[in-house]
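After this come two complexes, each holding chain A, first together with chain B and then together with chain C.
Coming up: the complex of A and B.
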């Protein structure tokens, strides 16, 4: 897995999530941080797993991960047309771990090539964790005629599957700027 | 009888909480008991239409006063008093009182005709001794009291408009020796060096039938009246009280008190399950409490209680719940209530007690015109020896609180429910926390108060509130509480992330991420609260709410730039939460394995988080939409038009709407034609205070000037100037000094979670559906997270 590619993808997703705001990846050193106010915040580390042993449904389609005849991952389906088919992310499972994700409010009134002085306001700063470890993260993209795989006449066409393993280096900060007309 | 009353009054004044009794030893008993003298046997029945207290010409009236038998209406109560005067001129009284009721039908203020505060009744049988000796603590002109008594069959009730709540089957034992009463200067000083005892309340009952007045059993069904549960505990106090003539203005009186809680316990019982607060110690100083008949800020006549200051500290060594009596940990609170300025406005501490309650509930009830100023409080939580302090808590507010005992039904256009109703009218209030300290009181102030969000608290919140909470008797089964409430918040400003409001140089604008211009309507029906064998169980019958965040601001709560408007609607049926003592226990963080060896081999860190801590078991059942007000939805509005003042106008912008979000079991398994919805989103959340690994992210000095290299681990060190240092290769000893934070182990599962439609709404073009349904199935997400405050 191309680490820089993953970093860019994740940053893009985060930027899309905040849509109206402008995001910036900027690795500040601690000296820079000491010159801005609003230092208090939290430092988050941990690991998250999805359907490590299976989910809460046990039926003809879903089951435990040690049952080779059943799917043990999670499933997400959506459709963009009324009465149309469903786009599906199926068999979602895996786990990932991170260390050092920070969250705080930061005031910016200088730097950034002169833009900081002009902005002179507060932003959300998400300090990216240095390393995110992915372990056996996988999902499958498919098209389906019903959202539930147990519905009568269920048909599904798998398009492709994704597996992720390894580490992604994520350095710097994601700054979320409130701009535009609220 | 007179002396007995004086003695009883002295004890009440000296002990703001109920005192307990223990047996006098034989020497004391021999000295006290009436060995000779006279014996008085009385059948006492007494009534008075009105007892009046006048203060500067303003009156408060205790009406329909009666002393007589508790069980036989209209009859007298039996009294036997043995009186003896000893050689040292002490007066010894042995007394036995059987089946006595002391009652006021109503308490009224002269300046508030037509309304009253409600009635109070006190039933009891009493047996004890009282010795009154000449000479107090400051000379021969005072008195010394030694007493011990046991009260049985007690009831203490509050009654409004024919409905009542009362403590039933109360047993109280008290021993107080060496209590002195002196006049010092212009102050009547009562000193109780030790008051000890125990109490037991069999049940706290509710009745909506006037014919049940003072009865344990319903007169029509013969069944025991519903109960909130029972109480028991012990206490050992020392107390000093001064009473001085003169109110805040003119007549009235002043009370000062110092009390030390040497030891105490408080246990709530619910169907043989207990919620216990044990190993309680503490102290408080009440300074310059004035009692006047006065007018409140609106000119309404009231019994005014105005406070100079109240400061103190309480420590609860163990908070136990569940069948195994496990503890969630230790809690310590220090506080200072006194006049202070917040956001440029001064607040004081005062309660003006008036009659009437809610105007639609009937003529009887309480109205408390209140103002408070909690200038400073620190709240600490310690579990398994690890301590986190929420430092610099301030709270202020002003508004009316009403209290009525109500019955189910609509009255004068207002819906009431069975129980004790607490109403809020135009309450303008707020609170804020300055930051966190970990380990000790003098540790550096850090951020991280947003960790409270996990427990449902904002780190700072200002609001205007109206509404009511009615506490009904009886839980999901047997004893317990049933809650019906309606709360409306206006002009709210709550912090999701908050910086300090005072960095050492006085109050500053508190920076943060704020949900501002907030309107919040929340309604709960038939929510039950029970102590069970597992812990504290809360089951919501039906709950719906709308949170309208006018602006999500960053920076200043009023002037910070906005991300737009957010509206969150919730509608839940049958959701529940259980609070279970004990945290995560042994955890493999960042790896897998049930043993330390397996965990370490997988790359994880084996953590032994101890026996204490808190686990929350949540079940959230998001119901399908039944109306525009009862549904689950999320909306984000931006690009709103601006009014002449520059403020955005709601409903003029573009919306993103996630509509009718609901859970399901994934099919109609019971054949009723609709999908089952019993599983919901189930989340187990175990929270511990625990050491966490923090790694430096850049080379060079950090924000506090402490040098280190990228990848070095932060190790707490009281000898270091900043309280910590960075270590590249920490030793085993270093690892025992990792910084403290909150360790959360969470597991969340749901069978099916759906969004019916996602719409984009244009102000003139109207809604367009972008996504015709989102379905998420079979999710089981587990997380081990540590959250550590950083400076």
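Coming up: the complex of A and C.
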């Protein structure tokens, strides 16, 4: 008996609460709505490694980076002509680390030497991390006659190779927005 | 054969109420926005254009280089460009000692400060444009463009680092006392090593550089089934200097200074685009095809329009007179140390045929 009584009270309370909540929902008028905005943003720290060591295993079966028959690093090939050769970004490897890349939507209506007022709109702001740490980042740009280095008749001419190591200073904000008349 | 890239990515997101409140406000906004939707009239719709992406770098500063090795031979920072070879087969390695993009007044990269690149009202753009609007018929053209040139009444002189509004066609503004402007100082100090010879240390610096009006356009050619392009570089700087220093950078030779340096380089145009290819031996090929000769009799003996096929004549008239197809180089004053060699101008260069092919020097 006592238990039933409790259930009834609980049910009544719930109903009341629901009613109460419904009573609190109000439509926002245009004025109020204009003050609502998505706030905050995203803060990222990252560590991206692209085939830095050639994977978890290095042995005679799976291969080693110094094995001439095997290759380490990613390869990106782009064909410039039907039936022609390939432009390649080859042996991409290394490790980038950054702390404090931010991403947010920013409303600009001032600054920029007077441009802000004229622009008066929203942009996506990518806050660059002040430094990016490169750990033995390498890639080479080359021309190749086959897509894969293991294809028959493979020939490749390296145009140049880049190697980067250490802290790169990269400060500022990258602002991205639509242009034209959207 | 191990090609699969290993991608590790760790991201941290600042937790909090941000997410929830954002979802709520979006929901509320969605309800309200419904009532605000209205049909567009035909007239309004015809004004709509495919929008591209504008990119502006605000308070930007970039610097990287190679450090002098410490006592153990370790280097904290390395930036090298290698894989090159001299004609006699020796390896060429470019050690970049310092590459920088900085605000005005950097004193050849010594004092780095922030700068804006591109303006909100005239940004760098990545866009797919209608080829019919830029003279490339019935093609969608991928365009990477620097800020566009503007009317002389609104722009700034491209060269003068103290230019005021209404003095020229460049949109990027020079730095003033209270605004950093959009014209960066850029420079590169490098050591070019040919084999074991590390004697060449070359530094290039440009002050208050402007590349407004430059672009790279890429599209596909149906007949040759190939990627083609058009490249225009407008580079203006009040001072471009080159000097050579000893390897430790302490003693430098005379500085070659080119004041009021303007390069307007046009590689490829609507009539003669640049073709890119890699040949069967893996060598990179850049080609500008020669323009076709007119059919016999299409151009009259006196060369005038009246005695020629009008359409053919107009085509060649445009080819020879259009300033957009031509490259120019202006140097206000060329000096080495304290000796002045005066000004130099190369104007109206038209590339009629170009065929560049890389060659593998490896044995």
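The rule is short, and it goes like this: the second predicted complex is superposed on the first by the 127 of 182 C-alpha atoms of A that agree within 3 Å, B and C clash if a C-alpha of one lies under 4 Å from a C-alpha of the other, contacts with A are read in each partner's own complex, and residues count from 1 in each chain.
Keep in mind that, in the parts below, a contact is a pair of C-beta atoms (placed from the backbone, for glycine too) under 8 Å apart; a residue touches a chain by one contact, two chains touch by 3 or more.
Predicted model, so just to flag it, every value in this text is computed and none were measured.
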{"item": "First (chain B), second (chain C), both or neither touched by A:122", "value": "first"}
{"item": "Touched partner set for A:51, first chain B, second chain C, both or neither", "value": "both"}
{"item": "Touched partner set for A:150, first chain B, second chain C, both or neither", "value": "both"}
{"item": "Contacts of A:158 with chain B and chain C, given as first, second, both or neither", "value": "second"}
{"item": "Which partner, chain B or chain C, touches more chain A residues", "value": "C"}
{"item": "Partner chain(s) touched by A:84 [first = chain B, second = chain C, both, neither]", "value": "both"}
{"item": "Touching partner for A:104 - first (chain B), second (chain C), both, neither", "value": "first"}
{"item": "Chain C-contacting residues of chain A that also contact chain B", "value": "27-28, 30, 33, 37-52, 54-55, 62, 73-75, 80-84, 86, 123, 148, 150, 178-182"}
{"item": "Footprint of chain A on chain C - complex, ascending", "value": "1-14, 16, 18, 21-22, 25-26, 28-29, 31-32, 47-64, 67, 75-84, 112, 114, 116, 119-121, 123, 125, 127, 173, 179, 181, 224-227, 275-284, 358-360"}
{"item": "Contact set on chain B toward chain A in their complex", "value": "435, 446-451, 497-500, 511-513, 551, 553-556, 560-565, 589-592, 604, 638-640, 642, 648, 653, 666-667, 679, 682, 692-695, 697-705, 741, 744, 749-751, 769-791"}
{"item": "Chain A residues within the chain B interface of the complex", "value": "18, 20-21, 27-31, 33-34, 37-57, 59, 62, 73-84, 86, 97, 99-100, 102-105, 107, 121-124, 127, 130, 147-148, 150, 178-182"}
{"item": "Sites on chain A touched by chain C in the complex", "value": "27-28, 30, 33, 36-52, 54-55, 62-63, 69-75, 80-87, 92, 108, 112-113, 115-116, 118-119, 123, 128, 140, 142-145, 148, 150, 155-182"}
